[in-house]
Amino acid sequence: MKGNADKKFKAGIIGGAGYTGGETIRLLLNHPDVELAFVHSRSNAGNPLYAVHADLLGETSLTFTGEIQEDVNVIFLCLGHGESRKFLEATPIPDHISVIDLSQDFRLGESVNGREFVYGLPELQREAIRKAKNIANPGCFATGIQLGLLPLAKAGLLNEVHTTGITGSTGAGQSLQSTSHFTWRANNVSTYKVLTHQHLKEIRRTLQALQPAYSGALNFVPVRGDYPRGIWITSYLECALTLEEANKLFSDYYEGHPFTHVSQKQIDLKQIVNTNKCLIQLEKTDGKLVIHSIEDNLLKGASGQAVQNMNLILGLDETAGLKLKSIVF
Amino acid sequence: MKGNADKKFKAGIIGGAGYTGGETIRLLLNHPDVELAFVHSRSNAGNPLYAVHADLLGETSLTFTGEIQEDVNVIFLCLGHGESRKFLEATPIPDHISVIDLSQDFRLGESVNGREFVYGLPELQREAIRKAKNIANPGCFATGIQLGLLPLAKAGLLNEVHTTGITGSTGAGQSLQSTSHFTWRANNVSTYKVLTHQHLKEIRRTLQALQPAYSGALNFVPVRGDYPRGIWITSYLECALTLEEANKLFSDYYEGHPFTHVSQKQIDLKQIVNTNKCLIQLEKTDGKLVIHSIEDNLLKGASGQAVQNMNLILGLDETAGLKLKSIVF
Amino acid sequence: MKGNADKKFKAGIIGGAGYTGGETIRLLLNHPDVELAFVHSRSNAGNPLYAVHADLLGETSLTFTGEIQEDVNVIFLCLGHGESRKFLEATPIPDHISVIDLSQDFRLGESVNGREFVYGLPELQREAIRKAKNIANPGCFATGIQLGLLPLAKAGLLNEVHTTGITGSTGAGQSLQSTSHFTWRANNVSTYKVLTHQHLKEIRRTLQALQPAYSGALNFVPVRGDYPRGIWITSYLECALTLEEANKLFSDYYEGHPFTHVSQKQIDLKQIVNTNKCLIQLEKTDGKLVIHSIEDNLLKGASGQAVQNMNLILGLDETAGLKLKSIVF
Amino acid sequence: MKGNADKKFKAGIIGGAGYTGGETIRLLLNHPDVELAFVHSRSNAGNPLYAVHADLLGETSLTFTGEIQEDVNVIFLCLGHGESRKFLEATPIPDHISVIDLSQDFRLGESVNGREFVYGLPELQREAIRKAKNIANPGCFATGIQLGLLPLAKAGLLNEVHTTGITGSTGAGQSLQSTSHFTWRANNVSTYKVLTHQHLKEIRRTLQALQPAYSGALNFVPVRGDYPRGIWITSYLECALTLEEANKLFSDYYEGHPFTHVSQKQIDLKQIVNTNKCLIQLEKTDGKLVIHSIEDNLLKGASGQAVQNMNLILGLDETAGLKLKSIVF
């Protein structure tokens, strides 16, 4: 099933004023097979999209709406955590519409009004996603950490994992708070939720699905980085594989996955900023395997992966609308 | 004449290892109607593109070549100033191949071996570009300043102009120098070539073509900004128009130009970073008209405009391959 | 009159929770001749200073107070614009206490309850400051622009002036607003109050005091920079002096002023960040004199100059407590 | 023994053109009890200091020299790794002069020409430093990591340690290299020498001196941060202490040490940038103790600690010349 100019699929967005809503808009405006039918926002209804997303001036004359069109194939929920469940409880969405939820409300197997959600990590379960109706889109840190561990879990090689993750400021959303004040954050470093980050639950759920006996600790230190976009993950663990064997294990696992690649050279974050890619690099020292994995938190970590999931459930090319130019310079 | 998947146009790049070469590669890899046939680089011949442009890992297996293919429609020269002329003097390029030069070597009407160049600013002379064989692509500062002044020049309203331009570090290229050292440039500001910048020549040439009697001073203060990408221009001059009249003058002038738009709201640089757009905003105070104009120095100020020019000379949609997602967050 | 360890002068601060309050605290904690007697803050009364200014942990056990001690020699008002006047109208301050006000409330000759204020720009009128009781501390942009123009005004050489000023984010204070959100401001540029900035009034007042016939326009483009601290000013105007003559004019004027120096080399902003200095560099092109002047907006542009003024009115060494290490790297 | 204005101690610097040389100059220029007698640099001999360190304009008229004065009390070696040994082998330094070496050449107990060096970490062995003749100044990462672990080692509580360290770009010195290019490093993250950093040797040496049976792994992930100054360290390990007990252990250990403090609130890097302080914050989760420690890599991690060591060996107040204003805003 392939869309064409005469008969594109249609998509709507709920909560289009935030960061993930904005990125989803940008992706759908340029998508070859899907038309952005509406962007819902109560507070902005009637305003042009570019009144909120100023970069869209000259790209679309679409306005925010307070109504929900029902002649769409898919709806993206770009709402805060807890808000997606409330929205779906309060708003009747016809059964024929797929829901792709970017919050954390349905990532652990929760359902609402009989709607079941498949965890939308294509590198974990692309075929299940292709057959899914609704998608719980993974968290940003969760995506990067899991992509660094999936091949090991599948091979039954996981044990205690030590992970540092550094995130850009967009990960904290657009609300004004002291930790997002420019004067404070510029040239600064800090940590939060050390060893207790909420994404650990969905990560563990995935890893145990692949390696049921896995019960090792996942030690995760989240760091606030001094830049807007991108997540850097470094994980390490005891591992008997040689570097060559590990590289082969990872390359084999990601064979055929268009956005996740293993680099033989040292990677740096800007290689993937503003793209839907995840790059992975391995090192081996003294019995420990080190895995670096990087992604754009708003794309592969949120809106880009949501569109990738949409492509899969609509039967489109997995990369449609996602061949994005990086901002490496 | 419209390309299609079966019969794409072909393009080659000379000097593909630098910033503008890299951006031209990124644009052509995703261009719907043009195939990137070869990327020439003597020093990198034989290496995959991603050995130099690490973000291209997973996107292409193309390698740099030391040979020049002759079965292409267009060649981009992404060489340093002075190098384009040397290259064209030393290298026979068949007449059927269009040359788009990103250096400053042919912007003032110079020719080489009988090859004439049209100044490639579509908002100035789109029809002349459509008929052109070879293009001298404008300078980055020159593009932004001119787009802020073209409507006034056409209306014969220019007089002494006062301009400040702030540029990202990519404007200085990838060579290692003290003014591009991170420790020095981070959180820093400095100026260079104050009132003497070399782009003033091509700007004046354009403005006098539109307003032949124009002889006022162009006072330009170039500033090194503390960020990688984008150019901010603020110009002001004496002007009798009301703000409303000025907005109409500019909007009318840019009507139908897909990348240049007049904003009624205050603009900020990141609205256009990683796009081929130029946004313009006007203010009026005490008899003076203030014009802000912004662009990405590597795209509308270099490689993006080069591809826009290619689209025009090949008879393609002017925006083909240039619908780029901004990095506004 | 020189303070010593046994008999230091005493100072208090009103409004110690903001940026200028914090910098004044930091300067006074290390001042050799002045003791910080109290820091007043209604909302923070009872809390240790480091609860608000976290960098002071380990440096002082002082707490904020809701009371005003009267056994001090000088009080700094680090309040918002308009708040200083309200405070002095509502709060009886004994006559023996000098008031140094960092707001703009008294810079144009205003008085309150019989209290007169001398404009505290030492390079303009150090002797008047030495004899003053109360000081209206200049604005941050106003200080940098004036220091670039004082020698010309004194020589009667001013005419229409064109000025660009780029400021760090601390200039906007610590309140949370969209233009101080990290995600927005990082890698961004924007302008505000173009040609209409409120500091133009105090600048013009000073310049006309030195050159009474001066009536030329002061065109000032304020720019929001992508860094926390420091102001860069570039001004230019028609001038018949040679570069050599101009350098001599400026060097002669600032002879004996310990914080303002003329550089023969190109300057850059970080030379003065975290110091009380102003550096000036001149260029001459085509009949125009270009003046670059740089300062730390929170020090020479606010709290540092306030302490410099305190030193002068208390008869101390002008540089006492102000020999600060820059953060040039 | 306390210096005074009439009879200050004298210090010289070898290798004054680099970052640590520059910071040592800045500290000594304002030191109350020590005079900067000479700054040696072969390549810059005869030039004023501000020709290299432009921020010193107006602060000193001292020039670099190619000669070494012998009437000094102490010499700082601010040379590259390996260069200090070569210098001391080739250059006769009279026995009465103390040598404080900032390189890694003598940190593991090495000596040269009979000169023995004491490892200069005052929080480890202040009394030994007071009696020392020569000092091997600790590495920047090594200082921050050790200050986070010393109390645990002394209490015999160390086992396998997991550490992430993020450093500003000044840690890489002023040479031009691709990883210090502004365009590359801005908004970027990368790692280097993962689990193999050379500072692990001096760290282990210290820890085993306090806890001889310690043989656990020290897993250290060094990260290149997107800012010029400061080191953030997060370490964690299994620990049976409650948070309260751990806080008491650390506070007791650092009691009386003027630069190292335990914070009860979350810390962030800019609290200590441009100061000689180290702040430590503890967290406890699920049997693991998390230790955050922060310092300015050029001050407590290099030149500031070198001056602190000088103060100790000269019998001065440990904090003389080191009461520095932070750049927290």
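By written order: A, B, C and D. Residues from 1 in each chain.
Convention: a contact is a pair of C-beta atoms (placed from the backbone, for glycine too) under 8 Å apart; a residue touches a chain by one contact, two chains touch by 3 or more.
Just so it is clear, the model here is predicted, and its values are computed rather than measured.
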item	value
Co-neighbours of chain D and chain B - touch as defined	A, C
Higher-contact pair (C-beta pairs counted), A-D versus A-B	A-D
Distance-maximising chain from chain D - centres being C-alpha averages	B
Chain centre separation in whole Å, for chain B relative to chain A (CA means)	33
Whole-Å gap between the CA centroids of chain A and chain C	47
CA centroid of chain A to CA centroid of chain D, Å	41
Where chain D touches two or more other chains at once, by residue number	19, 168, 170, 174, 183-184, 186-187, 227-229, 267-268, 270, 273, 329
Chain A contact footprint on chain D (complex, rising order)	162, 164, 166, 168, 183-184, 186-192, 194-196, 217, 219, 221, 223, 225-230, 232, 234, 236, 266-270, 273, 283, 285-286, 288, 290, 292, 294, 329
List of chain D residues in touch with chain C within their complex	19, 22-23, 26-27, 30, 51, 53-55, 57-59, 170, 174, 186-187, 228-229, 258-259, 261, 263, 265, 267-268, 270-275, 277, 279, 298, 323-329
Residues of chain A that touch chain C when the two form their complex	19, 168-170, 174, 176-178, 180-187, 227-228
